[in-house]
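All chains are identified by letter, namely A, B, C, D and E, in their written order; residue positions are counted from 1 within each chain.
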Amino acid sequence: MSIGCRDLRVRAGHREVLHVDALDVADGSTLAVLGPNGAGKSTLLRALGLLLPPRRVTGEVLLDGRPATVDGMRSAVAAVLQRPILRRGTVAANVASGLRLRGAGRAGSLARVAPWLDALGVAHLAARDARTLSGGEAQRVSVARALAVGPRVLLLDEPFAALDAATRADLLADLRAVLDGRRTATVLVTHDRNEARALATRTALLVGGRVRGLGPTAEVLDRPVDEDTARLLGFTNLLPPDGDGPRRVARPEDCRAGPDPVAGAVRGTVRRVVGLGEVTRVDVDTAAGPVMCLHPGPAPAVPSPGGAAHVVASATRALGDGVDPVRPPASPAPGTGGSAGRVRSGRPR
Amino acid sequence: MSIGCRDLRVRAGHREVLHVDALDVADGSTLAVLGPNGAGKSTLLRALGLLLPPRRVTGEVLLDGRPATVDGMRSAVAAVLQRPILRRGTVAANVASGLRLRGAGRAGSLARVAPWLDALGVAHLAARDARTLSGGEAQRVSVARALAVGPRVLLLDEPFAALDAATRADLLADLRAVLDGRRTATVLVTHDRNEARALATRTALLVGGRVRGLGPTAEVLDRPVDEDTARLLGFTNLLPPDGDGPRRVARPEDCRAGPDPVAGAVRGTVRRVVGLGEVTRVDVDTAAGPVMCLHPGPAPAVPSPGGAAHVVASATRALGDGVDPVRPPASPAPGTGGSAGRVRSGRPR
Amino acid sequence: MDVLLDGLVEALRLLATGDEDTWAITALTLRVSLGATAVALLVGVPLGTAVAVARFPGRRVLLAGANTGMGLPPVVVGLFVTVLLWRSGPLGAFGLLYTPAAMVIAQAAIATPVVVALVAVALQQVDPDFRVQMQALGATPLRAHLALLAEARLPLLAAAMAAFGAVVSEVGAAQMVGGNLVGQTRVLTTAAVLATSRGQFALAIAFGLILLLIAFAVNLVLTVVQQRTAVPR
Amino acid sequence: MDVLLDGLVEALRLLATGDEDTWAITALTLRVSLGATAVALLVGVPLGTAVAVARFPGRRVLLAGANTGMGLPPVVVGLFVTVLLWRSGPLGAFGLLYTPAAMVIAQAAIATPVVVALVAVALQQVDPDFRVQMQALGATPLRAHLALLAEARLPLLAAAMAAFGAVVSEVGAAQMVGGNLVGQTRVLTTAAVLATSRGQFALAIAFGLILLLIAFAVNLVLTVVQQRTAVPR
Amino acid sequence: GAAPSAERSLILATTTSTQDSGLLDELLPAFTAATGWQVRTVAVGSGQAIELGRRGEADVLLVHSPAAEEELVAEGTAGQRRLVMHNDFVLLGPAADPAGIRGVTAVEAVARIAAARAVFVSRGDDSGTNAAEDGLWSAAGVAPGGTWYQETGQGMGETLRVASELGGYTLSDRATHLAQRDTLALEVLGEGDPGLLNVYHVIEMTTRAGDRVQPDGAAAFAGWIVSAPAQELIGGFGTAEFGQPLFTADAGRNPATPGG
């Protein structure tokens, strides 16, 4: 089954927190949604699942190309919300509850969930009171519960956030294997570009409630169109343009700060040097803004704070211009200051 | 201020979920705690903060080497629990609530929290009802609230789990910079080895409620002592020993599966091949167990499932033997099956 | 003070000797109160759920009404119901006045606002995302609401107990619409009032104690059920 | 039915003409009921908090007791308190019987179990980690409990309203310990009972309506406060 | 006696009929004005009123249950018992009068009601009215019981209401009936029978009943209510509203034949 939307807008407390012109997730494919905190990812997921109060939403959600009805959506969808919300009762009962809520019998549902308990590594917890679980255990149960339903539309909101790294890697492969065999349309909200790469054929970049990039995952992740998406994709350093060309961006791990001026280097002043274990972070203030360099090793040969430094980037991307115009952020809420109401891209200042 | 414990044991529902012989976090230093889901990390953090019901805990928690009193602990500690738990009211009031709960006046606390709202990128949300925040925004508020207290002991339970990648990177550096200037003892629970590297001088590996490795971060992360810690540290492939030597482990990204037998290769059968975007995962069943290879690129030259394959690892680690004996897992809860009660390392089966 | 002691002794004597009248009165008390509580739950739970989860104009006023309704004076309710059931009243034809049915009606009217108000606030305390998550698993509105009620069963049981407590203890309405007729509509509270007005204080206290005893039995069962579902701490 | 209409007209007349007796009775009703509610909250909130958060032997029995206490028959409470306040009783020396103070005592006894039971279940509904997080920010036990109460103010206000409703509407205890003395202990419920037994049904209904009116005013304020703190959905 | 003090107050236990009829509302302000004593009136059933006296919880009683009163006086805790007033009981029933009691004597009437098994609603609360009714049954040699005999255990007003709604007979004091007759479907079917007198006495309690009894207060009230000004108030009460007095003042007459 495919899912999509047209001119979808969501309001929250006098603000428009989401406005998506069009989005389509085909039968059997997965769309990753990447965006900074507060971008509206969870809102988008809920809007697609018809899980928001209708009065807050305008626009259309499509199932197989036709406007979705609430009943149609309920029977098609299973969603994992960002916070695992479990019911009173045992873990097994919780994993079975998706089936139970769809009217399946108690015994039948319990039998059908056993493989999912296994797949998510919570079989040993089956009889446990769900309220005694650890954070990661609860999240696994929440994921198992959605998968057990065998939905035609699967909505996942950061489903791996609380999982340990090894399990996350395993689950990524397991989930991909499960989905590969099905016609399920999946939307995956994530902060992890690797998860997007591993699971999603297409990726949408969401910033300030607007889609700022949409296309095949590899392309989207490698082609920031503006400052915000660059930051989102790890190209946090904004470099001056080469002559008249577009602005360039670079990843911190591709930047090095040195004492000597070299060809193509950007001049600046060292603000701070922070040792981060096996790497050292050097923040340099340049005319184009702050630039962050990650040097391997504990003590690179860089000037101390206050000294002059020259930053060289070994790999850069040009920002696309005019491709996807940067829209103004959602208008500020009445009564709050203009800047306070701005949807931030999450950078602490 | 330093914090530590001696012979700390925590029971939950008839099981012992944690047993730590000794742990010490010196003045101004940071200890990372790594472990799979359900290992007891959050339990350890709460036990150290005297935040568990006393009837569930035995053993001693030390503050500056002396047994901690509840009052002493309350005045020293600030903790960020795994789930952000905010109060009714505005974001600003929430960030101020740590100070308020310690008896500071309303106006004074509100003034003192402004820089922390800024530092965590939530200044624009200051007047917002805390119950309308997105997941990541709530987590930022929760972190800001703890830091605003200026605690002498800081307990952080996966504080960056819901943050977007760029913010996480910034915050890591910011936090390190803040802590560097203080005498705060910090315990950081995390699933991310990079966070441990960036923030922690020492790292403890927790599996099944027991400490399985403890020492300088770089050392601990690079020297798995047993299967469980190997898996935890990303060395998920267990390879047969070289002759009489210790067992060897390898990271999936260091393993390649090929059709041809080469020197030192391990023979096996391909179970599945899963495309994960820019990499392809090849699972091979060998005599020593399943081995996972991550090949760069979409279509490596590997046999199809069922075919014979040979796995070569470009880098391996020998498992330490006898260094830190693998203890039996906590005894199963009475009334549950033996295997069900076992503290699992979280691997889905 | 000896009156209290005498009352205790009298209560034990009545229970021990299996005094027939006492048993009949006790049985009727239980029947009427449980019946009224059941009616109040049937009406009040859906209403309370609507107030908690739906948004409609007048929601707050309805809730304020329910909250006020917790203070509906039983005598006034009794009087209203009596007037309705009078032979000359609109429902007079049914001849319900001075029957247990009339008492159930009046007491249900007293208990329903209690149920509405407490159910509404109970459901509002549940994580607002709970219902969303249930819908996100395919629950129809009805099933989602049932799941919500199941999740809030701790305060729901408290609401049921408050409603039961309100009706089992009240006397104004029971007296007025029931008439306190021996063997027909006399319940423990009205019997206690009568004993008091006869100056038989010990007997009045004995009836009161028996009332508390059965209320305690009912509530002990409900409390154990309720607390079994409480979060283990 | 016209009795109800007459009652409405009478109520409006009493309010409009500012009938002095009616005002005095209304004022006393408010004073006594609010006083009793305040006492019940002072005693019941700490007790309910203890039942909700502490673990001690007999906790469930205490809770079952409080739940039962929601069904304390006002007449029985009235009788108990009367016996205590009798000249021959242990507290007789204070001469409190047939004074508003006695009514406050009796009504507080009626309302306290309501507060205990509803506060306990209200606090149990709050995320069990809430208190932990407060302590984890340095809260002393007292401050942590206060934060918990603030967090649960939605159901706490409902508890307060239930308690107020229980006392403002009851008549058994008010009658017995107050004696329904004109100008001294006559409140709206006892006045309504007297009017009923005098056959002045319209007047009784008028008193009932005035009672509901003030209860509604009190509760509308509390409901607005309460619902302002509800989670926006 | 002693100079009246504004702070002094006494407890009067009386029957609901004196309060429900409104008589006390007229008497007590006059008493307070005359003597300075504040009165706390506890209007309850006669049984409870006498029990409160017996326990020393009331200083003075104004009741109408002669047999119980004499019992109390015989116990020795009470002081003087003096006749105050009387009114009379009336036999009420539906206009159709199914048992045919119109015009017959009271004893004959209850015998016919029993024989016809017509609904009779009794107060059944040991009140003075209830005691008078019991007297009629025993005089008629009937032990009432069965489904036709209903006991409300409530006050007069409520009992009248039940009788009216059930279409039954009942015995009521005239004052309460007069006050409520407009809302009742009951007619006076028997009255004026000497067996239907309702006699009120005032009884002073003494410290023998309890330490805190105030005999001086009791004496003040009892002395005042049998005094001429009070008796005048009683004799005139109700004329304005009902066109006839509700009570007959009896102070100083022969206790055995009030009204005679």
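Keep in mind that, in the parts below, a residue touches a chain if its C-beta (ideal position, glycine included) is under 8 Å from a C-beta of that chain, and two chains touch if they have at least 3 such contacts.
This one's a predicted model, so the numbers in the text were calculated from it and none came from an experiment.
Shared contact partners of chain A and chain D comprise B, C.
With D-E and A-C as the two chain pairs, more C-beta contacts join A-C. For the two copies, chain A and chain B, the CA superposition rotation is 180 degrees, given to the nearest 5.
Taking each chain's centre as the average of its CA atoms, chain B and chain C sit 52 Å apart. Separating the centre of chain A from that of chain E, both taken as means of CA atoms, is a distance of 86 Å. For the pair chain C and chain D, the distance between C-alpha centroids works out to 17 Å.
Chain contacts: chain A has residues 13, 53, 83, 129, 131-132 touching two or more partner chains.
Annotation for chain D: residues touching 2 or more other chains are 55, 128, 196, 201, 231-233. Chain E has residues 155, 158, 161 in contact with two or more other chains.
Listing the residues of chain A that touch chain C in their complex gives 46, 49, 51, 53, 55, 71, 74-75, 77-81, 83, 85, 87-88, 97-98, 101-103, 129, 131-132, 145-146, 149, 151, 155.
Residues of chain C touching chain A in their complex: 55, 127, 129-130, 132-140, 143-144, 147, 150-151, 153, 229, 231-232.
Those residues of chain E lying in contact with chain C across their complex are 44-45, 47-52, 54, 124-127, 150-155, 158, 161-162, 165-166, 185. Against chain B, in their complex, chain A makes its touches with residues 12-13, 35-38, 42, 82-83, 118-121, 123-129, 132-137, 140, 157-158, 161-174, 176-177, 180, 191-193, 196-200, 217-218, 231-232, 234, 236, 252, 272, 274-279, 281, 283, 292, 336, 339-342, 344-349.
Here chain E touches chain D in the complex through residues 11, 16, 19-20, 22, 25, 40-43, 55-57, 155-158, 160-161, 179-180, 182-184, 210-213, going by the rule given at the top.
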